[in-house]
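Each of the two complexes below includes chain A, the first together with chain B, the second together with chain C.
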Partner chain A sequence: MFGSVRKCVNSCFVNTYIVLRNAKLHTRPDFTKNNFNVTRGYYNTLEENHIQFFYQLLGEQRVIVNVSDLERYNVDWFRHLRGNSSIVLRPKTTEEVSHILSFCNQNRLAVCPQGGNTSMVGASVPIFDEIVINTDLMNEIISLDDTSGVLVCQAGCILENLNNYVNKKDLMIPLDLGAKGSCHIGGNVSTNAGGLRLLRYGNLHGNVLGLEVVKADGEILDCLNTLKKDNTGYHLKHLFIGSEGTLGFVTKVAIQCPPKPKSINLAFLGLQTYEKVLKAYKLAKHSLGEILSAVEVMDTPTMQLVNEHLHLPSPIGDYPFYLIIETSGSNEKHDLEKLNTFLDLSLVKHFVLNGTVTSEPSKCQAIWNIRERIPEAFHKDGYVFLYDVTLPLQNYYTLVKEIREYMGNKAHRVFGFGHLGDGNLHLQITVKKYSPEIKSFIEPYIFEKVIEMNGSISAEHGIGFLKAKYLHLAKSNAAINLMQDLKDVLDPKGILNPYKVLPRE
Partner chain B sequence: MARVLVGVKRVIDYAVKIRVKPDKKGVVTDGVKHSMNPFDEIAVEEAVRMKEKKLVSEIIAVSCGPVQSQEVIRTALAMGVDKGIHVEVSGPEYETLQPIHVSKILAKIAQNEKVDLVIVGKQAIDDDSNQTAQMTAAVLDWPQATFASKIEKGDKELTVTREVDGGLETIKCKIPAVISADLRLNEPRYATLPNIMKAKKKPITKVTPKDLGVDISPRIEILSVEDPPVRQAGVILPDVDALVTKLKEGGHVP
Partner chain C sequence: MFGSVRKCVNSCFVNTYIVLRNAKLHTRPDFTKNNFNVTRGYYNTLEENHIQFFYQLLGEQRVIVNVSDLERYNVDWFRHLRGNSSIVLRPKTTEEVSHILSFCNQNRLAVCPQGGNTSMVGASVPIFDEIVINTDLMNEIISLDDTSGVLVCQAGCILENLNNYVNKKDLMIPLDLGAKGSCHIGGNVSTNAGGLRLLRYGNLHGNVLGLEVVKADGEILDCLNTLKKDNTGYHLKHLFIGSEGTLGFVTKVAIQCPPKPKSINLAFLGLQTYEKVLKAYKLAKHSLGEILSAVEVMDTPTMQLVNEHLHLPSPIGDYPFYLIIETSGSNEKHDLEKLNTFLDLSLVKHFVLNGTVTSEPSKCQAIWNIRERIPEAFHKDGYVFLYDVTLPLQNYYTLVKEIREYMGNKAHRVFGFGHLGDGNLHLQITVKKYSPEIKSFIEPYIFEKVIEMNGSISAEHGIGFLKAKYLHLAKSNAAINLMQDLKDVLDPKGILNPYKVLPRE
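This part shows the complex of A and B:
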């Protein structure tokens, strides 16, 4: 069968981050509370009678108290943060979540809502001893209407599984990111995740039609609308999209799925300068217009990182910049014609030096791997400071050059890649060894630079724990005060995901 | 310098999920993405590298199949092959086309084109036959170096390292010869834009098996094509005694 080649090549196609989570269990990050200037909030501590309540509610199988089992819930994906939670709860239903939150609210116990634990900013791990409420077992698909394209499912469904499910009806989830093999849709919604195809399908505020949310006091808020148009009162769901679990616990999601494209083409291009990258991008937008579905950029140090640590070579040789341009459409012949016109023109105008183009699924996967697996290489390069910023396109790469110069030989590697189409840059600084001095050398300098360039200090990763102290750089006092007011209304005791998003006093 | 013939087959792309047709006579191919058999890509790459080292003067790619097989020949041309020959076989005749037929076709073309080396992938990922190279060598009465993971070409002979069950075997054989490419022979290149452009101007000649005097009447009849049986769920047993009981009950142990 097809087994022979697939087995040989499949080892490269690892889409989940779970492989890496187990790779370095011997390097324990120290407790977050020891490494950061943060004080535990005014919450009660877990007592025996609390544990008994949870056992009664969920059964012993769905309450985790064993220290070594707790590891993967307490430590974040990058292994930079370690919480001190002594209990993880795994509810299956909205009612169970409601009972849990009602109990925790009454007993002033802090909780940390958790999905796939793939947050890049420490939003998904406890900071102290917050009770982790994990959605692993809330993974039922409730309904799919293949005419309207509306999918309704529980918050704990893994993104990739949802996509595979709707693919069977020729639909697709309008969201795609590298963590798809591990992340939960509830987490995606709570963080307003962006990803590779935001350029084409828009963000979750547009695609999520409805939510079911459990409030801090346990009340179930049913806003699970499945209609495209419903202007009936305040659109409450938007409060929960992007508030990172601090205003409510998302338990069900209704999401609009577009049709799966019949024809996908991928071009991998090599360019001389960033100016040429922008010219090629502008040409792509105009020539490919409605079929353009992704535009990603990578610089040379990023490609070198991938060559060195993941042994994935560049398909076209070495160039200063690389562009990945994807088209998705309903007619292969038409799309290929448009794409070839664009490629011919960009070669003739000397925007592009070289490139390859394909519509073969296996080659598309191989090329996407080069971009999607970049984070897997971080660990192997040293300690990585990562930044996810939006910048006006003119300044997109200027920041990388400036930071590279600023760091000098303090850094092992400064590299940038990202969703060029959205102006979203992922900038990383690797150092051989972490030190608080290096950290304070970089932050807040880099954030101040981003604000200076009229950018956003967090494009899609959110604020979480790590960027809460910089929120005042991004939003006015009036805005932050209103956020705090909303938080006080929805979660007066502050039990939902404390220490995250809003700055600590 | 030697002349090389490379056999390339159009198969369903290995990243695509295969579906059995409702009539159980085959797999769904309509509207499904196809590409060059990965082992044939490796064969093409090896030929192109030999040409770059000036060991080979001309490379001809041959594909047997429906009109869409020309796409696969175009890919080979974009990788550096000089010209292509499309042997048109379509419809029910294509369903029953077997290595026994293809080997005769390749052998005839090899003779017509006066080639010194025939390189093909070790097997196609749709039928896993692993017969074409061997049969072609037999028809031509040429030596065969199969499962090649390293090829050194001399003037009159080849030194080939083969991947075999016991490890690696190195053999020498005279040229002309037939080689089948194994996975570790090389890493095929991507066709780059300038070469894709150049390839559009390279010639592809069309012939039929009849033109070559090869009879492709079916030698097999496909009775049915089915999905592999669904894997039964396992059972977790509490202890060894329960395991032994289960084994005895199932008649696996006396």
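This part shows the complex of A and C:
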């Protein structure tokens, strides 16, 4: 029964996501090329004979050239970026993608692979006039082996649809995101998407068993392995997981689906200090072990924000820190027993000051609402600078405190929340009004601080267009040079998703 | 308490491994170059001034040139292969490895990276006169963060030592192998080693957080990330996981260690048909879910073999198939309850004919003995052809039946056992005496059958030297060409572990 509520909670979040997107439709960003210091690459421009080739290949219905229809493919989710593409292609098959890329490569036409266009870093929109190749019609589920749990599907399948499909066989997709109602599995793979289930099920490098990829020159690379163990030669698929469409175009995915849990429980805890948060987390890892499926943290300003804008108060009163701990297991009685034991120990050891444990759907929903409606709340709080970073746990909250001090009265609010179990912090800064001065006051300072604290400047959102100029902070010269070498091998003319990931000249 | 017994069981297996190795010391294989159709690459040969360089870099003690001392570095574990290297280098630091490779690259000297030299496919021995670079002195544990569970160490640390080390902090290495008393973590990573814990904890692509690697030209590539989430640029470390030392030399490893389970239970089950084995496995996945940690299968001939040579009978009488199901969890009572429920259901549904469940150390040990002493038994059964393959579960046992029929009276015994939960089958054929004719009767026929059944010709052992000529059966031309392109980028002079993995001319 909880499952359906959990789905409802996620749907609320997805609805929030769509509401926010629609709310912003009236603000139309200027062309990216005018707003950012970026130079068009040495590519040819689209000509009439190119369009004719695409018409012939896909039919007129699957080639979009109408200016108003193009808008949604050119503009990113945050509506910070706007490309100037004059064509969107909607292939249905791998072979069509192969023909398109082969043609574009021969004619030196740049392309932008696009799934659900939910990138947070501008990875999925054209920057200049790149041809958009959208995967929305590549949405076929090819097979599901309910013994091994292996699902094979095309890249354009929507994450939530896949999860609903495998749920019927008591399986689940080991990946869950706020954008799951829109994002495509091909995009998830290409960006190595993280999300809520990573703590328990690990990342896509572990869960993706095989990929089919089309190379920049149109060659089809069949690495669509469906076996858990395959040590025959180089593990090529990993080149395309997390390279954001710059090394190849993912067309099919084979993914390992774990069994769907039969019981889910939730604890909401209040804590005095970040040190106690860490102690409670460590205890949870050892007490709950195999059933621990989410550990989310929030600080007081986050709770105040949610309460102020959405009237969602803490169910246990006010505390400096809050933890949400979720368990997913195969036996409700056992799971609840473990969770209660953990809570008792946490209280006895004074790690936790207060808490509530529930498996009751409406209470769970109320708790998840607090966490998952944070984006809705901060959008009401002014202009928001959003940072998605990973930090070693001892430095996790130090960053929030230091940035709060650094910002002083320049910020309206500085707050931190996130997937503690993965060291993934969402640090947000709200200001009354955006200005280039405030942006350059924050960046690159904040990224330098993250690096100084041995963190990662992008935990799960990737580099895309927006963070490419900060890549040198995260990667050594040797690593960036090797990245460039790989790009040169796989895409020598640089037609695949240019201006993204790799540093621009 | 079970923990210590489990350790003892594994130690027994390791001892078996050492005993077998020692037993074979008197048989000295001919040089590989004489036994196999392989041509020496265009490399320079070792000269006095090269040796002087190495003496100066490492000191005389860490440069082995004495012929009798070289033997163990030149000969593989199976004693099927014998290289002709006249020098072994034993660096202690990354910088020394860097100097060595830079020098070898400049002088076009081929090298063979070597860890514990436990490869089953000849990946860790020189084929001609390659310089052996052994990691046995690179055995420093650098750090262990007991909150995040991240261990950082040098590549030459022995797997079992690492496990013992992290056990003290209630953690475990998510990898367990028969060879764990000898193999090095750098070798495990370079071969993407599988083993007993893969079912539960996933493969090394998911568990290795970071690597430090020295490139063929001596450049040090620092990808020693210790964060669970890091989406900054291409995920370069995966290039080196499973490429068997042909793309780079792994010098440091950061690995995620899960909590050590507090309770382990074991079930030994008898089943009528392979179809029932599959049904029981599926039920176990759903009933035991998060605590399922091993699912091993054995057929009747395997049990007969173990009984015949080692006097270890089945504890539940004779059945066509046997399953060993292990659970590892954080609560003994809960785990046993789940296991009993699963067993009751299996009996009611007639999936299982008989079974025993235990958490009692001596009984567990007796059960594991049967499974883990199989190698000892088959070495007493004649000359053994050993195949390590993965198959979709519906074809898993079909292969054994078909090969048994194909072999007819040419084989003494054809039997199958393995990690069912991962689709990993160890298919063994024993014959009275080795002959080239019997070998060519079996190979490549068996590999072609595996491919025909959508399997992998190497589940966990890799390609190495012995399977390189069959790579084309497993990988498309496009994939092999891309492998070669990557090799050309990372090691343009081809000095790293030549004659391995990639097809030879």
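Here, the second predicted complex is superposed on the first by the 471 of 505 C-alpha atoms of A that agree within 3 Å, B and C clash if a C-alpha of one lies under 4 Å from a C-alpha of the other, contacts with A are read in each partner's own complex, and residues count from 1 in each chain.
In the analysis below, contacts are C-beta pairs under 8 Å (C-beta built on N, C-alpha and C of every residue); 3 or more make two chains touch, one makes a residue touch a chain.
Small disclaimer: the values here were computed from a predicted structure and weren't measured.
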Chain B versus chain C as contact partner of A:486, first or second or both or neither: second
First, second, both or neither for A:37, with chain B first and chain C second: neither
Broader residue contact with chain A after superposition on the shared chain, chain B or chain C: C
Partner chain(s) touched by A:343 [first = chain B, second = chain C, both, neither]: first
First (chain B), second (chain C), both or neither touched by A:409: neither
Contacts of A:362 with chain B and chain C, given as first, second, both or neither: first
First, second, both or neither for A:316, with chain B first and chain C second: first
Partner chain in contact with A:455 - chain B first, chain C second, else both or neither: second
Intersection of chain A interface sets (partners chain B, chain C): 262
Residues of chain A that touch chain B when the two form their complex: 1-2, 4-6, 8-9, 262, 268, 313, 315-316, 343-344, 347, 352, 354-365
Interface residues, chain C side, partner chain A - complex: 145-149, 170, 191-192, 194, 198, 202-203, 205-207, 215, 219-223, 225-236, 238-239, 241-243, 247, 259, 261-262, 278, 281-282, 285-291, 328-331, 334, 337-338, 390-394, 419, 422-424, 454-463, 467, 471, 474-476, 478-480, 482-483, 485-486, 489-490, 501-502
Residue numbers on chain B that touch chain A, as the complex places them: 12-16, 18, 31, 33, 35, 38-39, 123, 125-126, 128, 183, 187, 190-194, 196-197
